[in-house]
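First chain A sits with chain B, and in the next complex the same chain sits with chain C.
What follows is the complex of A and B.
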C-alpha cells in the first residue's frame, strides 16, 4: 500500500483521516500533518517526508487570496516548486510531490488531493 | 384586504382568486392534469416533483376539486392550449372566472395563518442548495410519505440511492439569534424523532444520528414516545450543535464538539435539517390591516391570562401565529377561539341557521318485498377505465330482488342524484345499492338523497368498486371486473335484509357542571356562562384558585394574583355561575344531555341535573423524597420559593448562593412524565432572585432545558445575567448534602470531567406536577386515565379536550402538566366543545347503535364491562338482570355484539343475518368457479 504524507493548514481539512478511512472514502496509508499555516512549511520537511518512506507527498493550503496569513500558501507553493527540482535530482518523479489549493474549511478538496496522489502513486508503481 | 369596524360589527374586504375550475362540477377525476402540457413545480411536495398547471395539492384536499395554477397556465397567460377544458367530461373548467372582491359583514375575526418558512439563506449555511443530499425536514417528510414523490422510499436526491447513514440537525433556524430567530420552535425535537422512526420502519438497516442541544419533548406522552423510539429503533442521540456541513467525496461530513470537549467527525449519506417554525411571511401585512400588535419575532402578541385574544377586541388568534406549537395545542386553541366567538355572537346565535325538512318516511313501502335498485358508477374514467361498468350493471340485473339496474357517469353529481331520486320514485324502490366509491366519503350524500324522497337513510348499501377494484387492480381489468361483480352481489345480498333505523334525538339540559375551581375550571365556567348557559362550579376546597393561588408571577413577569383575582371576581359576579365550595362529587349517572350528579357539601348530599361535565380537577405539586427535602429548612420547592418571595426578601439576607435542581421527581423518577413547566419556572424564579439580589450566585442543574417557544428568551436572558447552567444525566443525579452548618450540592460537571461541590444558601427543587386524585373520579365517569394518572383525551390530536365518554370535557392539569397560558386556552376549548350540545338543545343519536334482545340476554354483564363508552347498563326486568343500551351514548363500535355469548346483541345496519347473507353471497361465486 502506498504511503502518502500530506501537509495541510489548520483551516483546510476538518475531518480526521481515520474517519475518512473508516468510511472508505480514502485508502489506508495516508497521514495528514497539520500546520498552523502552510507558510510554516520548509523544504527539508518535504524531503524528510520522502526520507521517512513516503511514496508521495502533497501540500494543501488555502486558495491564494484567502490565506489567513495573506501569503502563506503562496510561499508554500514556491517551496514545493523548488523541492520538486531537488527530488528530481534525487531520482524521484516530481509528480509525486504536489501543491493543492483548497477552499477554507473544505475537507472535500483535501480528499480530492489525496485521491489524486493515490492515482499518481499507482501510475508510478 | 381590509378590516373596518369593531367587535360585533366588522366589515372585512376579501379578495377571492379564481380557481378556474368549478368546484361543484369537478369530480376530481384527474383528466385535466393528465392532458395538460405544462409541467409545474409541485410545491406541496416541497419541489421534489413536478405536476401540471391544473392539479390538486393532495388527494384529501378540501374542497376535493382541482384548480389551475394561474401563474403557469398557457391558456391564462398566452391564450393558447385550452386542452384541459376540451378533455374535462364534467365541463368544470371555466376560464371566464375573475378575481372577486367580497365584502363580508362579520361579528368576530379569527387569525389562523399558520407559520412561515425559515429563510433559505439560513439553510445555505448548512450546505442546503449546494449539496443535493442536504434536505429540509419538510422534504424528508414528503420522501417518507407513501403518497409522496418516492412513494415512501427514502432516496438521496443526488443519485436516487438509498442512504445508509442519515443525520438530523436540530435547531436550524431556531434558538439562533444570528438569523433573528431567538425562540425555540417547540416541535422539531419531536418531529425529528418521529421522522427518524418512520425512516427506520421503512429501512431497518439505516443508521440514524440526531444532533440535539436540548431534547425538548415536553408534550403529553412525548417523553415516553422518545424513550420508546430511541430504544426500539436504536437512534444515536448526540448532544452537539453542528456548525456546518461539508461535502467529501459524495458524502456529507459533520464535525462537532461533544459534551466533554472532544472534537469528532463523521460522514453521512444524507443530512436532514430540522427547520423551525417562524412567524408567517405576511405577519406585518396582517398586523397593518387588522391593527393587532405583534411581538418582537412577529408572532401575534398575547398575554398568559388571555392567550387567544389579540390586542384588538373581537379579533382572536389560534395556532402557530400565536407562537410555535404542535397540532394538539393548535387544535385546542382553535376550539378556544370558537368559544370566544360564540361568546361574542351569542345574541345572534342560530339566526342564520337553515333548517332542512324531509318528507315523512314511507313506512309501508319498506315493509314490502325488497325492490332493489343498483346504480353502477363510471366515475368518469376512474372506474370505467379499468372495470367494465356495463358488464357489472347487466350482471346486477340477474341478481334476485333487483328490479332496476343502471350505470351513471358520475353518480355523486347533482344531476345524477336528481336522476337517481326520480328513478327510485318511479320504480317504487325500497332498497338501493350504489356501486361506486367509498362509503366513508360518499354514503352521507346518498343517504341524504334517500331522505329527500321519504326513504329511510339506512336502506342504502355501497360497494366500493373504485378503491377496491379499479384502483388496486388497475393492471388486471378482467379480474377487477369479476371482483366488482362479487362486491355488487354481496351488497345486494345484504341490501335485501336492510331494515330502516330510527334516528332518535334526546333533549339536553342546558347547563354545565364544572369540576374544579382552579384557573382552568373558572375559565371554562366563565366561557360557558358568557356563551349563555348556566354553569355550576364545584370546588373541593374552601376557596377558588387552585394551584394558581401559589404562583407569584406569570412568565411574563405580571402579578399572578391580578390574573387570579380578575378570574375570581368575574366568576363571582356572573349571574349564570353557581359556585359550590367545599363540595365533593359522589356519583354521576346519566348520559350526554341528561346527567345527574350527586354531590356532598358540609355533610349534606345534593342532586344536580346538567347536560355536560367539564373536568378541571387539576393536579398538585409533587413532594419528593430525598434531596434533604423536609430535613433542612434550606431546601424548598419552586412554589415554596415563590410563596416566600411574595412575603419579602428578608430570608435572603445572608444568602450568597442559590442552586436549583430540575427534574426532581419528573422524567423517570417518581413521575415518568416531563412536567413541562418547571424549566421555565426555574428560569423565571432565578431571574426574579437576580432582580431582587443582583449579587446572588445562581446555579441551575438540569437534564434538558425545556424553555420551549418564546420562553427561550428567558433562558437566554438568564445566561446573559450570569446564571450558571450545569447539565447532568439521568444516572448521575445531583446530591444535596449537609456541609458544616449549611448545605451543598454535589454534581458531576461534564465539561471539566469531575464532580464539583456547590455550597448553597438555598437549594430549590423543581419537583414537577403530579396528577390529582383522579382515580376515583375516573371510575365514577368511566373516563380512562393515562399511565401517568392524567385523564386520557378521546384523540390526542383531533379531540384533545374531549373524553371518550360523550358529554365529558377536559382541561387544565387534570389533562396533563401545562402552564397558565395553555390551561386557559384549553379551558376555553373545553367550553366551546361543551356548548355544542348545550346550544343545539338536542343530541342526535347515531342510528347505528347496538340493540339487546332481552329474551336472549342472560344478564352476564360482559357487554357492560367491555363497553368503552359506558353505553350499556344492566337493569332488572321482572327481577332478572338484563342488559340495555343507552342509545344516546352508544357509538356503534360493535364490541358488545362480538362478545355476547348468546348472540343477543345486534348492531343496527350490521345485523348478523345481513353479514351472513353477504358472506354467503361471496361463497356462491367461489363455488361456481370451483
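What follows is the complex of A and C.
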C-alpha cells in the first residue's frame, strides 16, 4: 500500500482522513497534515515527508484567487516547484510531488488529489 | 553583496561520500540576503542530504548551524572546538568563508556547498544582477555611476562596440548596452561631452594581477 502524505490548509479538506477511509472513498496509507495556510509550508517539510518514507507527497491549497491569506497557496506552489527540482536531483520522480488547488471547504477536491497521487505511485511501482 | 548559488545536489552528495557526521554551516551575511546560504537554505540542504543519504541506505548525522559571518575571526571561533566533532564542515558561505575556515580552523575539513558568482544588487525578490567586478580601479565617476567593467560584456572603456543595437547588447536583447545607458545618463546631466575625453588604457594591476589582494588600514591594526 502506497504511503501518501498531503499538506492541506484549514480551508480545504474538512473531513478527516479516517472517515474517508472508513467510507471507502480513499485507500489506506494516507496522512493529511493541516497547516493554518499552505503559505506556511516550507521546502524541508516536503523533503522530510519523503524522508519519512512517503511514496508521494502533495499539497492542497486554496485556488489562487481565493486564498484566505491572499498569496499563501501561490507561495506554496512556488515552493513545491522548487522542491520538485531538488527531489529530481536526488533521483525521485518529480511527479510524485504535486500542488493542487482546491475549492474552499471542498473535501472532494482533496479526495481527487489523493486519488491522483495514488495513481501516480502505481504508475511508478 | 556577494551573490552565490547552491551547487547541484549531485555534486554535494559526492562530497559526502563516506561522511558519517556533517555540519551544514550557513552564514547570515551576503549569502543569507541573496537566499543561498542563510538559515532557511541550511534547513533545506540538511533535509535534502538526509533524504539523499536515506535513499541510498547510508547513515549520516546532519547538524545545522548558522554563524553571523564566516569571514570574521571572532565568529569562527566556536568552530575551533565544534568542528572537531565532524567528518566534514559543509560551508554555505561564499568562497571567502570557505577559505577563511580552511585558513583559520586547523584540523577541520571544509568543503563548499555554494558556487560564488558575482557582486550584485537585489532587483526584486528572487532576482539579482551583477553591478560590480571588484576591479580595484573605479571609473564610476566618469560614467554616470554605471560600471562598464562589470556591465559591458566586453568591459570596454571608451563607448559601445559595433554589436550595440537600439540600446541593447549583442549577447542578448534582454541585456541593455551599458554604454548606451552611460551616454543617456550623462546627457541627462548635460555632461555627454565628457565622453569625448579618451579613457587611458586600463590598469588591470589592482584587479588581482599581482596575486591575492590585501587592504591595510594602519590606524585600525592591533
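Points to keep in mind about this one:
Everything below uses one rule, namely that the second predicted complex is superposed on the first by the 125 of 125 C-alpha atoms of A that agree within 3 Å, B and C clash if a C-alpha of one lies under 4 Å from a C-alpha of the other, contacts with A are read in each partner's own complex, and residues count from 1 in each chain.
The definition used in the following text is that a contact is a pair of C-beta atoms (placed from the backbone, for glycine too) under 8 Å apart; a residue touches a chain by one contact, two chains touch by 3 or more.
Treat the numbers as computed from the prediction; the structure is a model and nothing was measured.
When the shared chain is aligned, chain C comes close enough to touch A:44, but chain B does not. Applying the stated contact rule after C-alpha superposition, one finds that A:90 touches chain C and leaves chain B untouched. In the superposition on chain A, A:80 contacts neither chain B nor chain C.
When the shared chain is aligned, no partner comes close enough to touch A:67: not chain B, not chain C.
Of the two partner chains placed by superposition, only chain B is touched by A:111; chain C is not. Only residues 42-44, 47-48, 50-51, 86-87, 89-92 of chain A touch chain C when the two sit together in their complex.
Here chain B touches chain A in the complex through residues 244, 246-249, 251, 253, 255, 265-267, going by the rule given at the top. Of all residues in chain A, only 14-16, 19-20, 23, 25-26, 105-108, 111-112, 115 touch chain B in the complex they form. Per the touch definition, chain C reaches chain A in the complex via residues 8-10, 13, 40, 43-44, 46-48, 50-52, 54-55.
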